[in-house]
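Lettered A, B and C in written order, each chain numbered from 1.
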Amino acid sequence: MTFGSFEYIMELVATAFYAISGVRLAAAKKFDWFGAYVIGFITAFGGGTVRDVLLGVDAFWMDDVNYVIATVIGLAIVIIFRKWLVRIEGTFYIFDAFGLGLFVDVGIYKTLMMGHPMWMAIMMGTVTGAMGGVLRDIFINEVPLVFRKEVYATACIMGGIVYWAVGLIDPHPIVPQMCCAVFVVVLRFLAVKYNWSFPALHYSYSGEDDETKKDKS
Amino acid sequence: MTFGSFEYIMELVATAFYAISGVRLAAAKKFDWFGAYVIGFITAFGGGTVRDVLLGVDAFWMDDVNYVIATVIGLAIVIIFRKWLVRIEGTFYIFDAFGLGLFVDVGIYKTLMMGHPMWMAIMMGTVTGAMGGVLRDIFINEVPLVFRKEVYATACIMGGIVYWAVGLIDPHPIVPQMCCAVFVVVLRFLAVKYNWSFPALHYSYSGEDDETKKDKS
Amino acid sequence: MTFGSFEYIMELVATAFYAISGVRLAAAKKFDWFGAYVIGFITAFGGGTVRDVLLGVDAFWMDDVNYVIATVIGLAIVIIFRKWLVRIEGTFYIFDAFGLGLFVDVGIYKTLMMGHPMWMAIMMGTVTGAMGGVLRDIFINEVPLVFRKEVYATACIMGGIVYWAVGLIDPHPIVPQMCCAVFVVVLRFLAVKYNWSFPALHYSYSGEDDETKKDKS
């Protein structure tokens, strides 16, 4: 399932960071602490679970209580270090970026190991990294941030392309993994720092569907 | 799939009650009757389906038309007994509580039968009981009630702990099942009666993500 | 997976149309172009993917890059022919109807081929045709249109009944498929033209759940 004990520990750390991100956003929406925990759980496990369901294997956290413990630690950190977390809010994306880089790596590697082509591995790496945040936003009833935010899911895709390109040169999995993770982290840092984002599509749409909606509501 | 004909009939009854709950909420949002039926369907089948997808087995209602008939009966009851249902609204949670207790039992038992550890069974019992309502609220575009409501998903978890504790003493599955279901039902009754709920987390969050959202929208 | 090269090509065309529908709605909500693409992707693949997960098989687009290319073409069409698409908006439902008829066919046929009963095939045909639009609306944080719109999911179900009835007379799959697809397309045309819709359920609901919500928020 995981590819070595170092990566396993890193994945647990990334799980805790994703859980913290979910708990914080849910708490800001006045969820009770249990609801906030569930949102943290979904943020941390959502991406990898969707990937594993699509790949037709057991979800990565099944039968391994350590992942659940990682999310509980995430909840505990929010409760205990609340004030400190609010203070470092502007730099929180740093932790998130490390989690993202690692989750993309895990998703790509796992999909390739199962014999799927590279384009599917890149897609699954993106799902692993970004879907948790998307599900989090759906559950707290927000438009998923990732679709309107600084380069985020695209960072996953570009990281996947780096993985593929480096893999052409050096077939040992550790080298493309390192390059991919570093690339994703650096790209996210730059994107947040310089507020990079894609242009909106500016499609002014006022057709059949919207009219219907107005009629009915 | 089910563990005896009594439980099978009870599960069908719980399915009908969950369907009624979904149809009522959707109808209150001015869905047409077909849309309301679909929401009832999702409420009744959502929890068990997510559980079965995660466990890697066919969804429990597949190839068994009785479950679908149970949801149709639920729809028919809302249409025919509309006025009576509005009158008993304050006591409707009683039916819901019985459905919840039974679904938690089914989820725990089925997960244990497949050889998973107890903590996963408790998690799957909670998913079985609570996820249908969560999906219902997502489909009607509300913040899931279960995250802000009187002790609900936590009732499932506590019921699961009762199941485990009683199972240590009496290994025959029927005894922990009875205790778990009764515990969940009683806890829900008390929670609604005395309006028990968890405190909110009070995390005032105004960081990176929200700012981004304001900039873009 | 698909049943012949003609149907395969038609399915790719339907995929592109669904993707266009998703991209247009997302762009109207000011998503950046990547976010809009993801929504197009979900609209095109959502229904078939949910069906395949429930059937316990690999999602139809896995390992077949042509489907992904079809969605990219959909995105390109929106970007390039934006003005033309806005002009034909009133008639866009025509393309959508053809996609719907075909997706229902594919869903029914595939489910029957796997040995499931007819009622499940009709349900899976409906999921294939309608779930993509439902997921699209959930991801852009709208109440799913399909539940309040002119006969849409019901068109899928009625088409499925036509498939079944014709299949009783002529067991060769191509005849019921043709009849089902034509029926769905014609029904959708008439429903949009004459603004057919189901009556709402008019269930004035002001019970436990809503009160709780008011208290907490």
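Quick note on the criterion: contacts are C-beta pairs under 8 Å (C-beta built on N, C-alpha and C of every residue); 3 or more make two chains touch, one makes a residue touch a chain.
Note that this is a predicted model, so its numbers are computed, not measured.
*Asks:* Classify the chain contact graph as line, ring, star, complete or other.
*Replies:* Topology of the interface graph: complete, with all chain pairs in contact.
*Asks:* For the Cα fit of chain A against chain C, please give the angle of the superposing rotation, nearest 5 degrees.
*Replies:* Superposing chain A on chain C takes a rotation of 120 degrees, nearest 5.
*Asks:* CA centre of chain A versus CA centre of chain B: separation in Å?
*Replies:* Here chain A and chain B have centroids separated by 27 Å.
*Asks:* What residues in chain C touch two or more of the other chains?
*Replies:* Counting only residues that touch two or more other chains, chain C contributes 30, 53, 138, 141-142, 148, 197, 216-217.
*Asks:* Which positions of chain C touch chain B when the two form their complex?
*Replies:* Its residues touching chain B are 30, 53-54, 56, 116-117, 119-120, 123, 134, 138, 141-144, 146-148, 153-154, 197-210, 212-213, 216-217.
*Asks:* Name, in rising order, each residue of chain A that touches chain B in their complex.
*Replies:* Its residues touching chain B are 23-36, 38-39, 49, 53, 58-59, 62-63, 65, 68, 78-79, 82, 85-86, 89-90, 92-93, 138-142, 145, 148-150, 192, 195, 197, 216-217.
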